[in-house]
Amino acid sequence: MLVVMKKDSTPDDLKRVVRFIEDLGYRAHPIPGAERTAVGITGNSGSLDPTMFEVLPGVAQALPVTQPYKLVSREVKPEPTRIRVGSVEIGGGRFSVIAGPCAVESEAQILTIARLVKQAGGHLLRGGAFKPRTSPYSFQGLGEQALRWLARAREETGLPVVSEAVDEASLRLVEEHADIIQIGARNMQNFSLLRAAGRSGRPVLLKRGMSASLEDFLMSAEYLLSEGNYNVILCERGIRTFSQHSRFTLDLSVVPVVQKKSHLPIFVDPSHATGVRDRVAPMARAALAAGADGIMVEVHPAPDRALSDGPQALLPTQFEQLMAQLRALGSVLERRLEPVS
Amino acid sequence: MLVVMKKDSTPDDLKRVVRFIEDLGYRAHPIPGAERTAVGITGNSGSLDPTMFEVLPGVAQALPVTQPYKLVSREVKPEPTRIRVGSVEIGGGRFSVIAGPCAVESEAQILTIARLVKQAGGHLLRGGAFKPRTSPYSFQGLGEQALRWLARAREETGLPVVSEAVDEASLRLVEEHADIIQIGARNMQNFSLLRAAGRSGRPVLLKRGMSASLEDFLMSAEYLLSEGNYNVILCERGIRTFSQHSRFTLDLSVVPVVQKKSHLPIFVDPSHATGVRDRVAPMARAALAAGADGIMVEVHPAPDRALSDGPQALLPTQFEQLMAQLRALGSVLERRLEPVS
Amino acid sequence: MLVVMKKDSTPDDLKRVVRFIEDLGYRAHPIPGAERTAVGITGNSGSLDPTMFEVLPGVAQALPVTQPYKLVSREVKPEPTRIRVGSVEIGGGRFSVIAGPCAVESEAQILTIARLVKQAGGHLLRGGAFKPRTSPYSFQGLGEQALRWLARAREETGLPVVSEAVDEASLRLVEEHADIIQIGARNMQNFSLLRAAGRSGRPVLLKRGMSASLEDFLMSAEYLLSEGNYNVILCERGIRTFSQHSRFTLDLSVVPVVQKKSHLPIFVDPSHATGVRDRVAPMARAALAAGADGIMVEVHPAPDRALSDGPQALLPTQFEQLMAQLRALGSVLERRLEPVS
Amino acid sequence: MLVVMKKDSTPDDLKRVVRFIEDLGYRAHPIPGAERTAVGITGNSGSLDPTMFEVLPGVAQALPVTQPYKLVSREVKPEPTRIRVGSVEIGGGRFSVIAGPCAVESEAQILTIARLVKQAGGHLLRGGAFKPRTSPYSFQGLGEQALRWLARAREETGLPVVSEAVDEASLRLVEEHADIIQIGARNMQNFSLLRAAGRSGRPVLLKRGMSASLEDFLMSAEYLLSEGNYNVILCERGIRTFSQHSRFTLDLSVVPVVQKKSHLPIFVDPSHATGVRDRVAPMARAALAAGADGIMVEVHPAPDRALSDGPQALLPTQFEQLMAQLRALGSVLERRLEPVS
């Protein structure tokens, strides 16, 4: 159920509606819009009677939400969500590039890469501190130390930092040191982790699970919003199919569909999807051309010596070329890559 | 690396080998076998020199393990693993039936179902206390209260209890009240949860993720064994494919392949795979015929009123008929369903 | 639309109904049943008015068919289809085993295998004369010569012969020499070939395409029936999925679903699905346990020297053991494998 | 095996090499290149001894081809293939747009659409005369009459015509009336049809099967080249996956991989892949950005009344906008869309 307030409703009207919803035992989610404010209701087990809300002062109408996902839906919030992180704005006509190494390996490594990301025109810095690995015997990340180095790289370059949380303990640390919390594909349906991230004040970048339907994906985002965290970035990173010429099959056509169904920004990760360096730039360009709000790519100055996923990391010069191509494409397709003034 | 002890080696020889491995900074996993004991080594980043171990007293030989999974591999332990839970034995020529409701809904419900499972010849009782649900607005289980009711059902019927843990908090509770900890498909690569379950004294039933390759599946089991929990039951529950006539595609041919590659018992869950009641019995029979070590099925006396997954639950009479068919098939295929004497 | 005749309707009533349908420009398919005859109507582009038919003498009622497939549907023909080929009956409670080499390689080879199939209790002989191969440079079959050798093997053993047609020219030859025409997975949507096979007097064994949905599969069968060939055997042979531990993923749960939706017999081919010898017997047993009407398996006395698909062929002793297991299972599950008396 | 001629070898040297290969019972495929001529050998069952060829006059070296596909491989022909059809050139830095209705419905319809395709800057005209349809009761195309109308549209607009052949009879007709023969996804492994098309003088546009691996796809193209038809255009049109938000999953990352492995041009069909009009333009732009050599899209002035696949056809104004966007993107990414001068 979505309660839409009148344009001329007062803050007190809104408070009264929220209290009325909470008194019924449900949860109220005020959603300010350009034109008017709406209040999403969650927590009800059956359908609600709209007239119950429509008699309250300041209420224009109460609408049932037809999708199983509520708060992530365009029905509930027609305007695209914009997320401000430091000096960077995500969504709303911008194309943002998150770049960095798969894993943070040393202070020197992350500083070097941060500088080259900044210089090439990238907008945010990525770097894994906690790595979910298929094998218990593989390198699992440097943990909090890596997060401190990322923070230092942010101080020097001004790039906001994105890093993955894999459980509640790492979530606390990522929250403390980074700017955006990444939830990886393997944890897309780790609902306890989603709930914890939904209670965080940090924006969350949520990767699509490798066998998640679009509805599964949006429902996982709904977990985040239903806990009160509305700053969610979705990220397509390839699905599992029979097709073995690339590591995963990048399902790029999800981009226009997400944009139709949800107000949340949708990013694309061509590095994990393809798994091979020379396919990253074509798929990054394709993501922009398909209308994505940004990409997340891996860059490493010495990928042969990377502790994880070396073969998919772009070389610094490749990244610079890609950024130039993206700027040229962006100018043609009305996606801004230049910094926020 | 696998260090195989001589038949006539002494306990002191074994201790010395373990200490030697630990002094190198690795982890030693003694694996007693019918013929002789072996010691798996994990934690080494590169390959080790076998001669280093072969010179120690009591050592027959040191063998490299060719698979990425080590402790779950048949190379390391040729005999099939048998797991004893209460009076029930799993693996080793037995066919075990875990049955019960998707979710525990009330004390009366779980007691009624436990009695009928027992009476029909089922071996273990399942019942969800913590339910991972696609939607944040769906019923999420009754938590610890449900676990207490399950324990009471065990007291009355003698059936050991299987229940799912979804995070570390619920793992502690399941560990306390239930006999086997289930890790669900959506958490198959929740590596923090796997590690925690690997440190538990309870056997773990690990479900295959819906897009997990066989290697992914065995590597997740390896997380459990590498932490010291060798009592792991694998469970196929259907994979995501284009085929939409059933909820998931039951990948039954994984059964003989798992049995070739691993010593761990492999179960099949035909309820979640098909999602429709009248397909459960055919697939349960097929699981036995394919050589599985057991099945996990849902039973509910009033599935129309079930709080989750009603359409896939067998009716009590259907379950009784299925048990009779399984006993008949078992007698033909040398799989014992009768209780341990 | 399905026109159901009254129990006491006369042959003249039926003729009149057929003529009436044809005069409307549609096609009439009389379907005799145990209780009463029905007449399927195809060729209409929109929906028809039932009363138009219900006023005709001898007509009990006219029913719309709700599925996109008509003649293959259980709605149109509730009794399972039984197909008689020589002394063999397929469907209707029997479990039939089609066995033989992937490809006919020589007269001696096919005679040897036919004898062992016969002796072990198999019911029909398979052997490829025309092989659809992924590579233009692979062995493509011995053509008409192979068909002559198959016919000779039938003369000696009495086993009816199944062989694949890949185009209209080979269809003519298979029709002439063999008893059942196989249409392979790669030609499941070769609609010209389906139409030609639909006009043949020989039964057709139609394999499911490797990415065919159940509806696609039944619609391809509908092509055969709509041309007048009602003797169609469906055959599941594995689908393409991400799962790489077997060549294809055998989608065994399609068996009970086909049996619910269609009256046509459904077979399973575990050889092509798994691609590996030691998984064929488990999946063959599972097929019987799941309720399939038969299997198609490959047998070769010297698979190492086979010209195609050697690794998946059972050895003669393995085939004998499998037949013994299937007979034991059949006796438990009321599927008859003994010859028609 | 690939026999590479010396730069200064004579035509007589080449003839002698070809004759030598043919005398061995194999097939020789001379492949002229910018630098030098090579001769592909097919038809050998085992590997050949290079020295046998290297002693012949004019031969630089003889190289084994490591891929299962030979003639389609970049190893055999490093330069990208360019195909000239009328005044249109495909491949070699151009981006070509094939547009038109799913099916030709009337002379007026195809003339209207041909004019608008021409006017908007499209390069070739598509239109189905023979439609492979899942249901035997669906509209199957207007056959030869449709081909005549297509030919008339070509006369008026100068646009070369692409139309699908579904069997040998329709192939003869398409060959006679159209400029490029399309082989559809469902016939990608109809090897008899591929062989027949391989003997045609017309270029072939080969669509990827919906469950074809990249190797399957290239092997099907190899059937065409091995019969002597080197003018082959590959076309990605979406694969079958679990993901149901679009009709098929467009596997766009196949584009850079095909370009690495093969010299053949690779097109993308976003209409059949997505099945929904408003996702066609994003995926068409993404195809260009990913480096494809062209696209094939459906356009219809009144898609609601189209006899097949209406929902995926672009409206005329949408097509014009798309062409403008593609020209802008092409100018940035060095893909020429302007007509050949």
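Of note:
All chains are identified by letter, namely A, B, C and D, in their written order; residue positions are counted from 1 within each chain.
In this text, a residue touches a chain if its C-beta (ideal position, glycine included) is under 8 Å from a C-beta of that chain, and two chains touch if they have at least 3 such contacts.
Please read all numbers here as calculations on a predicted model, not as lab measurements.
Chain centres here are C-alpha means, and the one lying farthest from chain B is D.
Interface comparison, A-B against B-D: more C-beta pairs in contact at A-B.
Computed centre separation for the pair chain B/chain D is 50 angstrom, with centres defined by C-alpha atoms. Averaged Cα coordinates give chain A a centre that lies 38 Å from the centre of chain D. In whole angstrom, the spacing between the mean C-alpha positions of chain A and chain B is 35.
Touching two or more other chains at once are residues 211, 239-242, 244 of chain D.
Of all residues in chain A, those touching chain D in their complex are 211, 213-214, 239, 241-246, 249-257, 260, 273-274, 278-279, 282-283, 285-291, 325, 328-329, 331-333.
Contact residues on chain C toward chain D in their complex (touch as defined above): 42-45, 68-70, 132-137, 166-169, 186-187, 189-193, 195, 209-211, 215-216, 219-220, 222-223, 226-227, 239-240. Only residues 240-242, 244 of chain B touch chain D when the two sit together in their complex.
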